[in-house]
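The following pair of complexes shares a single chain, subunit A, combined with subunit B in the former and subunit C in the latter.
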Partner chain A sequence: MTAESAPAPAAPAGAAEPRHGLRIFLIWLVLSAIVDPIIWFVWGPHLPPGAMSDTAASQQVDITVMAVMSAPVILFVLIYFIYALITWRQKPGDEEDGPPIHGNARISATWIIGTAVIVLGLFVYGTVELIVPAGAGAGEGNTPIWRPSGGTPLQVQVIAQQWRFTYRYPQFGGFETTDLVLPVGREVQFNVTSLDVIHSFWAIQLAVKADANPQLNNVAYTKTLHTGSFTVRCSELCGLWHGAMFDTGRVLSVAGFQAWATRTEAQLAALTRQLPPYALTYDANSVKQLGKAFHQAGLFGAGGNYYGSQYPVSP
Partner chain B sequence: MAVEIQPEKAREPGGREPGGPRPARPWWMRPAVHTGLIGAVLGYLVGHWLGNFLAGGYSQVANSGQNDMAIVLGYLLGTVGWLAGLGVFNDLLRAMAGRPVRTVEEEEAAAAGGLARYFRYSLDHKVVGLQYLVGMIAYFLTGGLFAMAIRTELLSPTYHTLNANAYLMVVGEHGTMMIMMMSSIILGPFGNYFVPIMIGSKRVAFPRIEALSFWITPAAFIVLLSGVLFGGFPTGWTGYAPLSIQATQGQDAYAVAFGLMGLSLILAGFNIIATIICCRAPGMRWSRLPIFVWSMFTTALLMVLAAPVLVGGMYMLITDRTVQTAFFTEDLGGSNYLYENLFWFFGHPEVYILALPGFGIVSEILPVFCRKPLFGYRVAAAGMIGVAILSFFVWQHHLFMSGINPDMRPLYMLTTELISIPTGFIFLVAMGTFWKAKIRFTVPMLFALGFYFNFLIGGITGVFLSDVPADTTEHGTFFSMAHFHYTIMGGLIFAFMAGVYYWLPKMMGIKLNETLGKIHFWTMFIFFNSTFLPLFAVGLLGQPRRVFEYARNLQPLNDWVSISAFLLGGSILIFLINFVWSTVIAREREEGNPWRSRGLEWQVPSPPPPGNFRYVPVVLSDPYEYGVKDAPPVADLDPPVGVVAAAYAGTEAEA
Partner chain C sequence: MSLPVRVATLLVAFVAVVGGAVFVVVHYLLGGPPVEDFTVGHVAGQPVNIVMQTDASSSPTAVPDHPTWVSYFIKNPQTGAWVHTTLFKVPANTRVNMTILGYDGSTPIRNQVWGHVTGTIGGVAYYGGKPVTTVNGWNGPYLIQHTFAIPSIGLNVPVEAGPGTCLNGPCTSNAHSTTTFSFMTPSHSGVFRWQCFIPCGLSFLYGNGGPMSTIGYMGGNMEVVG
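Then we have the complex of A and B:
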């Protein structure tokens, strides 16, 4: 589709004139034929976000496809510009005006149809890529319409607060921890919410991004494919220490994850009893009251009082 | 058309002869910037007192002990005082008292020549245009200094030049200054100055509204900058709600300044729309409108339709902060999505308010330096109209990750990608105009070419962002930041520079130094690209926007970007030197029509005389008929007696 998409203006050339349109077209064809395979085969597999999860893999392909689509467009415009600026620059002493061409309906129509075809193609492809891997790792709100098929995903609640992410595992008694640990080869459902302002949960190598809205739940799905560690960053400006709001998560083997989860559940049992019962959203006001009690008891959790009541000076 | 005859008026007690000259007063008695400043200070004090009086009991900013209401009312009444001191309301009061108001012609005749008129509430659209030009350059430089501070901080991921709060303050001031103040960077100077001349009008439709739209901008600028005194605001230019309600007093500066600028956009837009519809010379059909005027028309429509939503949103934010309404607080019945929706319903058309003027300027300049008619004039105009209409249907692509309307995302993906079709028309028009042209590489042409290159990169990366799956990785990162800098800095600012080099000889009647201009272009073009091209990679590799701490492996790229950014700042300095050198020190006269342009604005002397034209011109042909054998001149500037009346009679008969 890309081959025909960018039209080469082939205005009627004079007898002695070289066929500019054909030349531009050939240069473009050759360069596109060189550049596109390089993008697809050489650059594409190294593009972010990698292949740690199914959403990351599909986004990598998606970005590669768009690069392959747009490279010929960029090339065409650039080649045309460079060709025009070299060929049709003013000759010294030539003060004549150029030929009075006011337009060309055929070329305009070709251009419009060409760009429309590219755009609609990208739209269809993008929609498929959005729906097939269950929302492509993006936040789908409280009631996701694109869900992964088969089995119950591992539930992980992401609680964002200024300026820390904590994670609750409702399938393991609802303990809350600052470590994000996932099993490999498992469908994961992130339930993202916030206790104060808008944050955005971005697991970079998993290619998951969902805004954390206070009092709202935002669901995102992914399926881990490889073990390893990944970076979590807040990608929505959330105040003073937004830049310092990051941590590292791990994808472990299934057995390793089970061991970690049961161990942590037991370790944190005392704290878990003090926490507000697991819910998709937490009321910021009652959480604050609870938080004060926790703070006095030397406990820290979904109460939000990681920094106490004083103004924080360091993260 | 009946000629209106002023009825004879008796001399008013204490007044002047009707039609006689206004009695001259010494300069310090006449309203100007100094009386405006006095008014602003008085207004601020009254407002601050009133705020404390009304809401001293409950409207407190957390951790500050200050009264929010007092600050907001201080800003608002200070702005009213500033405008009153400038004499904005004088004519209104005169009219209410039944006394004669000053007219545009009187104003122009009285003030001809003097520099003082640039410091007054002037009704002359050419004065307002130059006021806008100098104002916008000043705002742009201020915003640019903040950018330098951002890049200084990002030189190292661990060593911090600024503290976390200062960094956020600088980021917020830079973003807000650039997006909000730069909305008028082309419509303000060039739109107000050249639209009337290009359509053959002696004046604009609403000179008072036009002048008011300018004099609000210094107030907005000062209010926004005053946020620095309160430690700035932590929200960036978007001001997302729960954070902006939590923030300290600097956020009031943000909300009031943005709201004021919204008012300025609405006023400026109304004037341009009415001028283009009502003030065209005979023969200036819609199909002969210069393409720059089309871009101003569509931009003004966007301003008038989008900015009210912004003003409403800012008003709600202010009431949430001061009188404790809860529009944006989820657990009190509000919604933070409401703010995001209101903001981006303005914010996306705003992006095209910044893009369309650029399209207009480069498309206007291209035929002149290609010596060819504009290729596909109708396609270009249709492209701008298409962009303007579609821009109201794409705003939720800023909220793809927010969890709002997840099922609507394919629709917004579609509308966003569709907008690249009319945007592509601008490239079609350029490429068609190049075909067998005789291209002259003048400084304005170079900047126009730079625009096309940058906007190509910006536009194509915009398609990446419109795609929801790819956007999951790119959203909120330096990728999107690089994208919109390519369209705004690389597009709008390059087009603005093209406009400055193209039109300044007309506006001031002086030459800009060409060598310095070429040095300015090449340094700006090279360092712009070397600043922002690596940022796409930085974003994809995982650096979110507005962070001061980033992954250590990204330091080489960030350092490269920072150094390029400083050099880019240096190239802007070259522009400033050129601007000051050429307009203040060298002052080499530029007569007539240096570009041999057919544009109507180039057919009048430089700078244009008061009233622009001696007689209302009759437009005879399109402005881009280069190379057309026996093409009539673009307009008859001295039409025979009766022709204008006949032309009007003709149009009425047609209608």
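Then we have the complex of A and C:
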């Protein structure tokens, strides 16, 4: 395009100027036709975060689409760059400037329309992809806009604290454990909260990521598709042991999960009786036992800073 | 500016930069609490006995940096002296018999799940010889002061509250609680962090700053040597 309106300055007078634009276009078309199928069929299925859940699979497709769309753009830039280096290299003794291309309406229009189509297309595609898998695995706050349709999701509460995640299962008596175990083929609703500072729950291969805020509930959805293990990491810098705040979750068969949940519920029955009633947040003002314990211990003001005004807060 | 002045300025700037870098490396990267080595003289197959203590605060002589902070101490296996550190080295695949002397008072537990004993041999800990598996940290009189937890091996033990509070650690003659338990070290080498899960840093936001966020006080590393 630019090449057609910017003929080589060093071309000999009277010689027919090749159709550089057409050459570049054809080279670009052939390479794009080769590279894009390779990305889609060969590279795409191996891109993170995999396909362990519907949100992960959706994100994998999105990243693949982005790669397929961006590859021709990158190819065009590289092809033009290399073509220009070869074709329009300055000849020895040639001190002449190239012709100005200011005011070329065709180039301007092509540039504006092309970029607008790409950006708006990605905007629409991204918005649809955010809605379809019920929020795409992201935290949607306490009142999620997008919910999965049909069936009752498995409720799993993620409780973050410095420096460990624990998980509570309200549909199984409300037991709390350090193990995150899920059944395959089931919608899961994560209710994410924190007992202290801001953390972030990131189940990498499930493509679920939700901030864990104290005194707030943050909801994220996913549907497990395959059995296996996945990594959970805190993705919000949260203090000394932030880098060690990770563990491994498991997706089991339905029968395997049921057996694990039933067994764990029984094993932790004594502990569960001492836990506060299941709630979406656990600050000292809303958990009766905790508030009472702090009050009796003289640790007033526990709802905010945990320790009261008799202990001035240090920086 | 004359040449000698320029050269002198350059040298001063160079020395300042290098000096600053050396200070950072020595003070922050190479500094820190000592490591108590329980592998010296260890006979394969024999257990390792570790004794620690918790103190509400310490003497300025023992802990000059932050004597007002709550802290663990470890008894040196060779000399028997109390050392202000939370770093210790143990052999792999070895039974550790841990004794924690509690010279601190009680603190309500933030998350009751840490009142549950996990990862010990037999799934049990002992308060003064009495077995416990789950301790209610919210019912007064409060039974727990801190926890000793190594998350990556699933170990968590709530430490019994002491009958009093010793403010001049390391303490030897005051009344104290005694929490004992045993666990197996991993079969492979590595560094395993341990920490207290009760936010006990008085004067810090949510009780989690200061001693909770500084190695040498309420958290540290267990280095396992294969």
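Throughout what follows, the second predicted complex is superposed on the first by the 267 of 315 C-alpha atoms of A that agree within 3 Å, B and C clash if a C-alpha of one lies under 4 Å from a C-alpha of the other, contacts with A are read in each partner's own complex, and residues count from 1 in each chain.
Convention: a contact is a pair of C-beta atoms (placed from the backbone, for glycine too) under 8 Å apart; a residue touches a chain by one contact, two chains touch by 3 or more.
In this text the structure is predicted, and so the values were computed from the model without any measurement.
Once the two complexes are overlaid on the shared chain, A:Thr178 sits against subunit C while remaining clear of subunit B. By the document's definition of touching, of the two partners only subunit C reaches A:Gln274; subunit B does not.
When both complexes are overlaid on chain A, the residue A:Val197 reaches subunit B and subunit C alike.
In the superposition on chain A, contact of A:Leu240 is made with both subunit B and subunit C. Shared-chain residue A:Asp54: touches no atom of subunit B or subunit C.
In the superposition on chain A, contact is made by A:Ile159 with subunit C only, not with subunit B. The partner of subunit A that touches more of its residues, comparing subunit B with subunit C, is B.
Shared-chain residue A:Gly103: touches subunit B; no touch with subunit C.
Applying the stated contact rule after C-alpha superposition, one finds that A:Asp36 touches neither subunit B nor subunit C.
Applying the stated contact rule after C-alpha superposition, one finds that A:Glu187 touches neither subunit B nor subunit C. Taken together, the two structures place residues 196-197, 214, 239-241, 244, 311 of subunit A in contact with subunit B in one case and with subunit C in the other. Within the complex, the subunit A residues that touch subunit B are 9, 11, 20, 47-49, 55, 58-59, 62-63, 66, 70, 73-74, 77-78, 80-81, 84-85, 88-91, 94, 96-104, 107-108, 111-112, 115-116, 119-120, 122-123, 126-127, 129-130, 133, 135-142, 144-146, 192, 196-198, 200, 202, 204, 207-211, 213-219, 231, 233-244, 246, 283-285, 311.
Subunit A makes touch with subunit C in their complex at residues 159, 161-164, 166, 176-178, 195-197, 214, 239-241, 244, 247, 268, 270-271, 274-276, 282, 289-290, 292-294, 296-297, 299, 305-307, 311-314.
Those residues of subunit C that touch subunit A in the complex are listed here as 106-108, 110-113, 115-116, 118, 133-134, 136-140, 142, 151-152, 154, 193, 195, 197, 199, 202-210, 212-215, 219.
The touching residues of subunit B, when paired with subunit A in their complex, are 63, 164-165, 167-168, 234-236, 238, 240-243, 246-247, 330-331, 336-337, 370-379, 400-407, 409-410, 413-414, 417-418, 420-421, 424-425, 427-428, 431-432, 434-441, 449, 452-453, 456-457, 460, 463-464, 466-473, 475-477, 540-542, 544-551, 625-629.
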